[in-house]
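Two complexes come next, and they have one chain in common, chain A, joined by chain B in the first and chain C in the second.
And now, the complex of A and B:
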C-alpha cells in the first residue's frame, strides 16, 4: 500500500508538472520563473520520556538529511506553484497549484506525519471489594484487575493524506464548469487495544493492535448559470476500511464472582453471552457513504438567495445497517435600507436508521428449575430524528463608527425513539444574540458580543446514573430460590444525567489599538457559563474564561517583536457517585 | 451515594518572538514560549451513608459499617500538572547572490509534576538544523 501511495503522489506531481510545463511553454515577456532548493540536515536529541515532548517526531537521537524546494512560475495567463519539504521518511509535505486563466485550476497536496502515543498503564484500574469479616480477612470476591501483555510497547501511527482537486471551464456560454476532488487518508502502525473480561472478576487486558486503515473520498460535480441563478450538483462518495489483523482477547470461564467455585460454572456460563473463549474485539467496520447535493444561488427581488438540498446514505457494510438523511437549507440576505440589512437562514434535516433485531442466547438456557429468560430485542436507533433551525439577523450601521447586529433564532430536535420507542423527547432551543462593533479609523476597533440560549429537554442519558437499594424491593425471580439476578436491578435505576445545559450565556470582547504603524495592542476576553437546573439536585454547571493580551512592535525596519499572554480557565460542577454494593 | 464536585483546569500561555535584520545579508529570529497547565478536582465530601448502610447490612458477615467512606485521596487521582518550555531560534546568512546558509533549531522541555495513567511524561528534545539554499 505504501508503494501505491508513493505512486499516487508521483502521478499527481507529474500531472501538475506537465500542466506547468505546458503553461510555461507559452511564455512571453511577462514570464517569471523562480526556483529555490534547500539541502541540509538536522540532528535530534531526546532525554527521559520522549513520547510527549516528541509526540510528532520519530523520537530517535540521530542526524538525518533534509531537503526542501520551491518553484514559482507565472506567465501572462497562468500561475504554477510548487513546494516540497522532506524532514524524514515519515514527515513529508508537498503542495502544488496550477491556474490557467479562468479555464483550469488544479491543486495537489501530500502530507505525511507520524504520531507516537504513550502506553496507558491501567494503574487506575485496580480494586477489590472490602469485607472486614470475610475470609481472607477484608477481601471480598468482586475484583477489578488489569494486565499489560506488552509492557513498554512503542505505539506509533504513520498518517498519510493525499488531496487533489481540479476545476475545468467546459463552456463559456452559461459558465458551465466541472469539478472533481479526491482525498485519501492512510494510517499504518500500532496502537494500544484493551478488552474487558467480566466472566468472573472484571479483568482488563492490554495488547498491541495493528493499524492499517484506508479512507477514500471522491467528489465530482457541475455548475452552470441558468438565467439569474447559478445552479450546481455534487456527488460525493466516501469509503472506510480497516485491513489490519483483528486483535483477539480471551474471555475466562464463568464462575461464581464471590466463591470462585467451579461447580457454578454451568449456571454462570448460561447467564453471559460468551465465556472460556477467544474472540476478536474492537473490530472496525467497513463503511460507505454516498451523497447527492443540488444547490442554487442568485438574486431574488432586492436580495440574494442561496439554497441546497442533500440526500445521503451511509452503510455499515459489515452489518448491512444503513442510515438515510435528507437535508435542506436556505439563506436570504436583503438590504432593508441603505444602512440596514436582513440575513435570514433556515434548515431542516430528517435522519432515519435501520433498527436491527438483536438475537441473544437464552439467559439460563437449560436451567434445572426451568426459569429461562429471552432477552431478544429490537434496537431502535437514537439517530431517528427531525431537525429544524431558523434564524434572522438584523444588521444596522448606526453611524460611520458603530454597527449593531441583533439575532433571534429557534432550533428544534425531535427524536423518534429516545427515551422510549415511539415516545421520543423534543429539544427546543431559543437563541438571542447582540453584536456591537466600533471602529475609529485605522487606530481603534472594538467588538462586543453576547449570546443567550434557553434549551428545553436537552439530550439526557435516561435513568443512567443511580440505582436505588434493592433490599426489600426486589423479589426472587425463581420460585423457591433467594436469588436476585443482575437484570432485575434494571428496575432500580433512576436519575437522568447529561452534560447538556438548559441555559447558556456567551460573551466576547476584543479590542485593537494601533496608534501608529510601529505598534499595536490587542486585548480581549471570551467567557461562557452554562448550567442545567432540571436534573433534580444535580446542578450541573460549566464556566470558562479566556482573557488574552497581544502586543506587536516594529520600532524600525530591522526589528519586529510580538509577545502575548493567554489564560484559559475552565470549571465544571459534576456529580461523583460511589456504588454501595452488597451482592 | 453522591455529591457535587468542582473540577477546575487552569492553563497559562505566554510567548515572546522577535526577528532582527542586522545587515542586508544576515537575518535572525527567535521565540520563547512557556505553558503551564493544571487540572484538579476539589475534595470529595460524601454525605453520611448511615441510612444506606442500614439497608445493606442484611447479608451475614458483610458489615459495611466498618468500611471507610471518607474518600480523602480520591480527588487527587486525576490531578494533572504540566510545565512546557520551548525555545526556537534561527538565522540565515547570504553567502552570495544565489546562495544562503541557514542555521536553526529548538529546545523543548516538558515537566510532568503529577504523573497519571501514562507514568511520568517528563522529557526534553533538542533539534539543530543547518543547510544551504540555492535560488535560480
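And now, the complex of A and C:
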C-alpha cells in the first residue's frame, strides 16, 4: 500500500452464502408468496487514505456481514412487498408496500447513510492582512492565525430518513380519496464549526460541533371527482429544529490591530458590535412552514386543463420572522389535430418576507471629536419578489417518422428590494426552443434539440465590484478627518458583477441504432454555451460539452450488459474582483 | 399536490401498477376480444406465460369483464396481425411516440400524479411509458427499469456529473433520480411546486429561514452557486472557493499583501499588493470565516457592514 495515497477500495466483497429460496405456496390459485434471502459481506480498508475518496463511501477498516431480503405476497385483491438491505449499522435500506384492491395503499421506507464532507475548512488558510511597519516581535497585527481546538477530529453525520404514506378510497361514487404522508429526516453526528475573531487579531478557530437536527414533514389531503374535474386539497407542514448544543467562540478585546495602543481602544471598540466576549455562533433557528394547496384537473373542450394554487407561510420561530408565498399555475394541453398538439403553461408567484429593523450601537458614541454616526437600518428582504412564467409549445408529427416541437416562453422576476443591472429590479428571460425527433421503428432513432435563452438584467451582485478613489468621492469624508473609514468603502463601489449569463445556447443530439435484438449503439453529445457580454468589465462565458457513446448487449431476455463512455468538458471564464486597495 | 413514492424503483413501479389496477376498477369497461388470448399465446408463449403473474394479469384475471381482452387492451385489435404476422399491424407501445402509447396507458392510469404528464419534458421528447416501465414482468419484481442507469441513457451529462468528487449520493445508491425529479412532470412529493429552491428546501430545511441576515443568492436560487448533480469543487459548488465568491464579491481587501513566510516571520511590509499575496489569497476559502453563508440570525462582528457578513 502506497503511503499518503488514496487507498480506499473494497478488497473483499465476497459472496459467503446466497440463499435464494423461492417458494410458491399452492394453497389455492389466488395466493402467492415468494421470498428470498441474501447473505454476503464486505471488507473495506481506509487505513492509508489522505485525500478525499468519497463523501458517502467512507467507512471503517473492517469487514462486516451484509444481509438483504425480499418478500412478496399477494392474494386475489391484495399485494404486499417488503425489501430490506443491511450494509452496516448506519447504512440500512428498507421499503414496504401494501395494497388492497384500489381501496387502500400504504408505503413505508427507511434509509440511512453517513455523510462526511470530505474537506477540512482549515485547509489552505493562508490569507493574511496588512501588517503595519511596526518592529517585530509585534506579532499581533493582522496576520491571520488559526487554532484547532480538537486536532485529529473526524466529522461525519448519520442521516436517517423515514417515510410513510397511505391512501384510502372513501367513496367510489365520486372517487373520494384521502391521503396522509409523513417524512422525517434525522441527522446526528459531528461537524466542523468555524468561528472568526476579526479586530485586533484575525483569528479563526475550528472545533467540533454536535449535530442533532430533526426535520418532520406532514402532508394530508383529499381528492374527489366533481363533475368533469378531479379536485384536491393538500395541507402541508414542515418543522425543523436543531437539538444539538450551541457552539461558543471568544471574540477578543477590540484594539488597534498594529500598535495595540490603548488610546485607540474606544475607536476600535466602536467599530465592532461586540468584543471581549464569548458568544454562540452558527445557531440554526427553529423553523416552521405550513402550506395549503388546491389542485384541479379535467377536460376542457378538447384539451386537458390542470391547475393549482398554493399559499405557504414559513416562520423562523427564533426571531418570529415570516415569509408568505402565493403561487398559482395552470397548464393546458390540447390536440389541434391528430398529429398536432399545443401545450400552454403559465405560473405566477408572489413572495413577501418580513423586514426587520436592525438596531446597532452608535458609531463613535461619545467620541471627543464628534462624528457620531447611527448605522441602524431596515434589512429589506431579498426574498420579496413577483415571478411570472409562460410558455407555449407546438408539437407536430410531420410524418410517422418525424416529430417537430417548437417552444416559445417568457419569464420575469421582479424583485422588490434587490437591484439587478443598472439599478433595475426585473430580470426578464425570452426562451426559444426547437426539438426534432426521427424514428424508424425500433431500429433507429435520433433526437436533436436546440434551446436559446436571452436574459436581460440577470441576478447580480449590485455594485459589488471596484472602488472609486475615496478621497475624490467622499471629501469631506468625515469632518475633521482625512481617513476613509471602513463603512464608507461600501459607498465607493460602483460596478455590478455577476457570473450569470445574458445568453444561453443549449443543444443536444442523440442517436440510437439497434441493428438486431441483441445489441444497440447509442451516440450523442450535449453542449451548453452561456455568456454575458453586458458587463463593463470582462465577459462571462461558460462552456460545457458532454459527448457519449454507449453499447448495450442483450444476449437474451434476462441479461443486459451496458458499456459506455461519457466525457465531460467544462470551462468557465468569469471576472473576479481583485482589490487593489490595501489597508 | 402530486404524489410520488420516494422509495426507489420497486415501490414506485408498484404504485404505478397499482394505479393501473385502481383505474381499471374504476373504468372496468366490458370488452369483446377480436382475437383470444390463446391465439396470441400460440406465438408469444413466453410472454403469455409470464403475463398471468404480472400486475396487469393478476387484475385482469380477477375481473371477468376484462379476462378475455387482456392482450388487445393494450395492443389494439390483433386480427390483422394474427392473419398476416406483420409486427407493424399491431400496436407496440415500445415503438410509439407521444401521440400514441402514453395516451393509451393514461386511459386507465388517470391518477392525479399524472396531472402534468401532458406537459412533461419526457412526453415532449417522445418518451413513452414503455421506455421506463416493464409491463410483462412478474408482479413480485420491479416493473421499473433500474434507476439511475435507465435515466443515464439519455441524461448522460448528469451521469458524468454524478461521478464527480462532490455529488449527491446517487452513485452510492442512497438516492434515486425520482427523489428530486417527477419523471411524470410537475413537482415531486412533499414539495409545493417545482421551483428549484423549494425542492432543495424539502430536504435541506435548515436553510429555509427566513433569516435576519440574508445572502441574496440564497433567496434567488440555489443554482446560482450550486450544481446539484455533482462538481469538482467541494459542496457541489459551481467553482471552487474563492473563485465562485469573487465572481460577485471583491476580494478581501487586505488579503493580497505579502504572505507570511514561515511561522510568523514577517517579510517586507510595504503595504503593496503583490503577486505573492494574490496567490496566497487565492488559496483561501471564504467560508472558512463566512461560515454561515446561507443566512444567520446572529450579527457578525463588524459595524461597517451592519453585522451582515455571515461570520456568526
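Simple rule for what comes next: the second predicted complex is superposed on the first by the 489 of 583 C-alpha atoms of A that agree within 3 Å, B and C clash if a C-alpha of one lies under 4 Å from a C-alpha of the other, contacts with A are read in each partner's own complex, and residues count from 1 in each chain.
In this section, a residue touches a chain if its C-beta (ideal position, glycine included) is under 8 Å from a C-beta of that chain, and two chains touch if they have at least 3 such contacts.
Only a predicted model underlies this, so the values are computations on that prediction, with no experimental measurement involved.
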(Q) For A:574 in the superposed arrangement: first (chain B), second (chain C), both or neither? (A) both
Q. Does the superposition put A:323 against chain B (first), chain C (second), both, or neither?
A. second
Q) Touch check for A:390: first (chain B), second (chain C), both, or neither? A) neither
Q | Touching partner for A:523 - first (chain B), second (chain C), both, neither | A | neither
Q: Would you check which partner chain A:213 touches, where first means chain B only, second means chain C only, and both and neither mean what they say?
A: second
Q: Figure out whether A:122 sits in contact with chain B (first) or chain C (second), or with both, or with neither.
A: both
Q) Should A:57 be classified as contacting the first partner (chain B), the second (chain C), both, or neither? A) both
Q: Considering only touches as defined above, state whether A:492 meets chain B (first), chain C (second), both or neither.
A: neither
Q: Look at A:348 in the shared chain and tell me whether it touches chain B only, chain C only, both, or neither; answer first, second, both or neither.
A: neither
Q. According to the contact criterion defined above, which of chain B and chain C contacts more residues of chain A?
A. C
Q.
Output the chain A positions appearing in both contact lists, the one against chain B and the one against chain C.
A. 34, 52, 54, 57, 118-119, 121-124, 130-133, 465-466, 557, 562, 564, 566-568, 572, 574-578, 580, 582-583
Q.
Using the touch definition from the top, list the residues of chain B that touch chain A in their complex.
A. 1-22, 44, 46, 49, 52-53, 55-59, 61-64, 66-67, 69, 71, 74, 77, 84, 102, 105, 108-110, 112, 116-136
Q: Would you tell me which residues of chain A are touching chain B in their complex?
A: 33-54, 57, 66, 118-124, 130-134, 140, 465-466, 469, 471-472, 538-539, 557-578, 580, 582-583
